[in-house]
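Next come two complexes built around chain A: one with chain B, the other with chain C.
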Partner chain A sequence: MSDLNFNYALLLPEIILAATGGIVLLSDAFRRELKLGRNMLPWITVAGAVLATLASVAQAGIVEDFAGIVLVDAFTTFFRVLFGLTLAVVVIGSHEYVAKQIRGQGEFYTMLLFATVGASFMAMSTELITAYVGIELLSFSLYVAVSLAKSDPRSGEAGLKYVLLGGLASAILLYGLSLVYGAAGSTDYATIAKNLSEGRDGMHAPLLMGLTMVIAGLGFKASAVPFHMWTPDAYEGAPLPVTAVLSATSKAAAFAVLLRLFGGPFLPAIADWQGTIAFLAVLTMVVGNLIAIQQHNIKRLLAYSSIGQVGFMLMAIVTISDASTSAVLMHLGGYLITNLAVFMGVIAFYNQTGSEEIADMKGLAETNPFLALVIAAGLFSLAGMPLLAGFTTKFILFQAAAYGGYLWLVGVAVVASTVSLYYYLMVIKQIYVIQTDGSLLDPQAHDVVVPRWRLTWTGYLTTATLLVAMVVVGLWVAPLAHAADSAAKALFG
Partner chain B sequence: MPSSAQDLALTLPHYLVVSGMIFGIGIAVALSKRNAIAVLMGIELMLNAVNLAFLAFSRFGSSFGIASEGNPAAPLAGHVFVVFILTVAAAEAAVALAMAVLVYRRRETVDLDRINLMRW
Partner chain C sequence: MGGAVVLNRLPLPAQLDRTVTTGGLLAGAIVTPPLIALIVLRVLGNISSAQMVWWMLAGVIVAGALGAVTLRNVVHSALALIAAAMGLAGMFLLLASEFLALVQVLVYGGGVAILLMFGLMLTNATEDPVVIDGSQKPFAAGVGLILGVALTAAMLSANWDASISTVVDFRDLGARLYRDFGVPFEVASLVLLVALVGAVAISRRDNDDDNDAEAAS
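Presenting the complex of A and B:
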């Protein structure tokens, strides 16, 4: 077939990321010969991430496919920019943590870079084999990254649980894909859509089974209840920056695949999967938000909170249309900014105190008011308080689901969202109301002087940038809305 | 009653039944075994069932009118998929076994019931 388009320039962002991965790995191995300091590795990684982001921005106007397996359009660009910036922010904000806590820094940064490549391919693939390879590239990189903590015995355990459950989920996803392939006769999204809309006698049962298993497999990757069991363990055992990537890149990439699949090839069979996903959405937001209440480890709390957020975002898959796709893309953007702000705050807190228990955050407002502000603002934004990114994007998401005809689902979401405010406030109570000695704050007493500590400059840079981004998106949502709209239009034509 | 080769020929349903049975055995092994290595073996069995299903659909897809509908590339896609799955399964075994060694060094067990530093 000579009519395929092999324009390798289309893959430039991914090529840059993968090449940076190779450079990081080699410069770690030949550190002595090249006389490089270990502290060069994060900056090489950041340079690669920024270059890849710029390269994908440069391709913003293009709509072109590569060999019929991936498509570069506004949707792809939206996710590439999201992933590139996430990687840059995570690496800048956590390089001190990585230097102290990670075994094999070169491998660690390489895994993050390869994970980002996998995520990009998930967002741009228009063909099942490519999507599957992208999913596995992301997952494998994260399996390894999760288990790289130097002195934490939970890390290896989390890695083993994650890889076994991940393998199980992949096998179920693949069996589903094989049935879909048998029913639709192709692995190409456009051909699947065409064949499914024509309909074929006798193929309904395998298609239904296949779709259900695909939902289970992708639900695992997005950590939807009841396929969420790995999430809290992997989040708690993983080093903090990897937890941040798990909650940001990995989740966004899973939704990119869900949107591409259920907004395209599976759309003709919407009656077969709409109810299943609505059921998963209800279960996910209720269970995620309820179990979060009893957590005492901040990573585990954020794990369950992210499960709850996935429930909200699944609503947009149920009512899939260009309006709800645009809404869920906006919410993904707002959620990523907010979540990264919280994680960068927690990493800075861990660097100073070596603790990730919520109870140890007591009196943070006294010892570091700026960090207290960042974490509190992030948690309020996750809960959906006005003026912050989380409110605006969540409002638009709920509105899109309501217009999609699923008002009852929005009702459940609003109740679940109110529940979530409770456990976010528990953390904020520790920070602002409890003093360092464990007593309640007494507004009358002014004579207590607590020694303050400062963040490093990279800590200030990342947290301040994300705090500003959170407020800007909360107040002036137009640029993000515009990007999300054009991405959704690219998907629905 | 002449029984010709036609009547005895293996068709798509035969392969799919075998594939489904292997997949079921694999999932039962993966969910019931407590040893990490045994769980991995269950997962490999599931992946092989998937491979069989893909190849069967590829080979006998024409009975569902796939190959003849102006889409000659479609049957090959299943074969390609199998090659990728085999490769990924090998990588998966490597990563999972490395992880098992890592845990064994610290805990001297790969029994999933006893690897329980984290709960709820």
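Presenting the complex of A and C:
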């Protein structure tokens, strides 16, 4: 037997996150003995997330694997940093919300930390079972976190729907993986790629079934149409910070697995899945963006909007290559920043007003101009307005798909993207055009005095940081592009 | 039911009530013909002994799985699930993976089954009369049928590697599980921790938390 020990220090970011989870759980349980207030918990969580991010940045440049099970490379580092920062931002921006609306704060933060660990393992696994275990860790943590809202029956309902449908999707995914294992003879990505490119007689049908079931299972996790049914209900019922994590970490992690799988082991069988994913991409873009038009609740609107965004990102899987991987990683980065900005704005809005209805956002431009600016900029960025992150990254994504030879797909995406502008503008209209009393804004009248309210300092900190990040990425995309490029190169060698 | 009348007149022990006896006879009547058919095929030499055992185990697994989802009484469902797990253990034994067979019996046949029984006992779950079939049942049945046909067709058309499985050394198994797969092994323990903490966090009532906060302040 060769060397018995691996370089476990490479897993330091995940170890820090998991240990922080344990610390949070125990310091909540023993807070009276330790004389700790509950308000310490979010800061312990943030410290863990920041430390884990720093640890993963410190390991940038290292390429090392553990017996082909997990691989630490630039791709892993990209996602680790993304997940770590997302966790830190969500916790800082929502700790007031959590203190009021969540039962079991210690458990709640622990679940968010463990979800991030699961997401990291999804990004770094190069083996089917490890990827599956990572998916389950992320999903289990989120099933629990979704159900933890205090005295909101929608939360329990959302949790139950999510866990039942999620369990079904996991079963389908696992069955698909077992068929792929049967057809390719290994669970290890490198061996699967080798065996599939050599090809075996008579194994085409099970491979096709396996791939289709894997796409269905992962499509559920990424909420691609027609596996999206859980998304609006789970988003609406979940506490707002969990909705933010669902739309950011969970989506990005699903794409990490999709990229690692379809850019590596499944690449030799591209003819068997390219059409399926192109079909899903079209369906997801069209359905997500059309149904979003009818929504009255901001969470449901953002749920359908995120489904639409997933459709755009699936285009990169269809045309998978070095360039399109880099493009989709960039878009994930831009989408995460933008989406978190909107969610942090909505959380601050909810903390003040206790409402999630789009109609209640009327006159926000007068009552809180800064928050109105953040939400409006975020929605414009999601729609893809120039100068903001959403435009630049979406442009590069569409360009990559067009160069990949799928011009018709990009055509559908552009139309869907235009449709999305409509419902984003509906929200912005409530914020800027409708006044607090429900009348239309009259530019001539300046005598209306409306009491203004302010955000908390953490609210200002997160929204302002994300707003600046959105503009910076929109104007100066080079750093993000560089990180995404090196991550894509790590994947394609 | 004519048989039931006959059963009433039989001098049976009191604890063998009618449902148990009729159920047992029914099950026996269903199981016996295929069993006889299998033994006859084996004696005639049409199938090998391994194939005979395989078919028997497959019958147990399918019947157990069907029972687990169709039986109304949850305790009966749990028992059917144990039967399916045991059938699976037999399959592992047939594949010469005796370690997996042992684990299957110990963990699923023993541990998980007992956990399930405890869960049923503590949550006071009995017969569930509520039918929760939605209006989409025909669609679900259609999709299930299509998927079943597609999977069966894929399985039948495939050219599976028919190599006889070799016995794996326990030492190799240990090295593979705790060295190569050490990382996913640890992640799986996190999954269990999440399940444990989550179950407690969800089942705890809202006001417990509030009282706690007041007591602390």
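Before moving on, here are some points about what is shown:
The definition used in the following text is that the second predicted complex is superposed on the first by the 488 of 493 C-alpha atoms of A that agree within 3 Å, B and C clash if a C-alpha of one lies under 4 Å from a C-alpha of the other, contacts with A are read in each partner's own complex, and residues count from 1 in each chain.
What we mean here is this: contacts are C-beta pairs under 8 Å (C-beta built on N, C-alpha and C of every residue); 3 or more make two chains touch, one makes a residue touch a chain.
No experiment lies behind these values; they were computed from the predicted model shown.
Contact with chain B, but none with chain C, is seen for A:L168 once the two complexes are overlaid on the shared chain.
Once the two complexes are laid over each other on the shared chain, residue contacts for A:P232 go to chain B alone; chain C is not touched. Touch criterion met: A:K150 reaches chain C, while chain B stays clear of it. Applying the stated contact rule after C-alpha superposition, one finds that A:F66 touches chain C and leaves chain B untouched.
In the superposition on chain A, A:A478 contacts neither chain B nor chain C.
Of the two partner chains placed by superposition, A:L440 touches none, neither chain B nor chain C. Touch criterion met: A:G159 reaches chain B and chain C at once. Within the superposed three-chain model, A:I129 lies in touch with chain B and with chain C [touch as defined at top]. Using the contact criterion defined above for the overlaid structures, shared-chain residue A:R31 touches chain C, although it does not reach chain B.
Touching of chain A by both chain B and chain C, each in its own complex, is seen for residues 1, 129, 133, 136, 140, 143-144, 147, 159, 179, 182, 185, 200, 202-203. Residues 150-151, 153-155, 157-161, 175, 179-184, 187-188, 190-191, 193-195, 197-198, 200-202, 204, 206, 209, 213, 216 of chain C touch chain A in their complex. Against chain C, in their complex, chain A makes its touches with residues 1, 4, 6, 11, 18, 25, 31-32, 38, 66-70, 103-104, 107-108, 110-111, 114, 117-118, 121, 125, 127, 129-130, 133-134, 136-137, 140-141, 143-144, 147-148, 150-151, 159, 179, 182-183, 185, 200-203, 205-206, 208-209. Remark: chain A residues 1, 128-129, 132-133, 136, 140, 143-144, 147, 153-154, 156-161, 163-164, 167-168, 170-172, 174-175, 177-179, 181-182, 185-188, 191, 195, 200, 202-203, 232-233, 236-237, 291, 294 touch chain B in the complex.
Residue ranges of chain B in contact with chain A, taken from their complex: 23, 26-27, 30-31, 36, 39-40, 43, 46-47, 49-50, 53-54, 56-57, 61, 64-66, 69, 71, 73-74, 77-78, 80-81, 84-85, 88, 91-92, 95-96, 99-100, 102-103, 106-107, 110, 112, 115, 117-118, 120.
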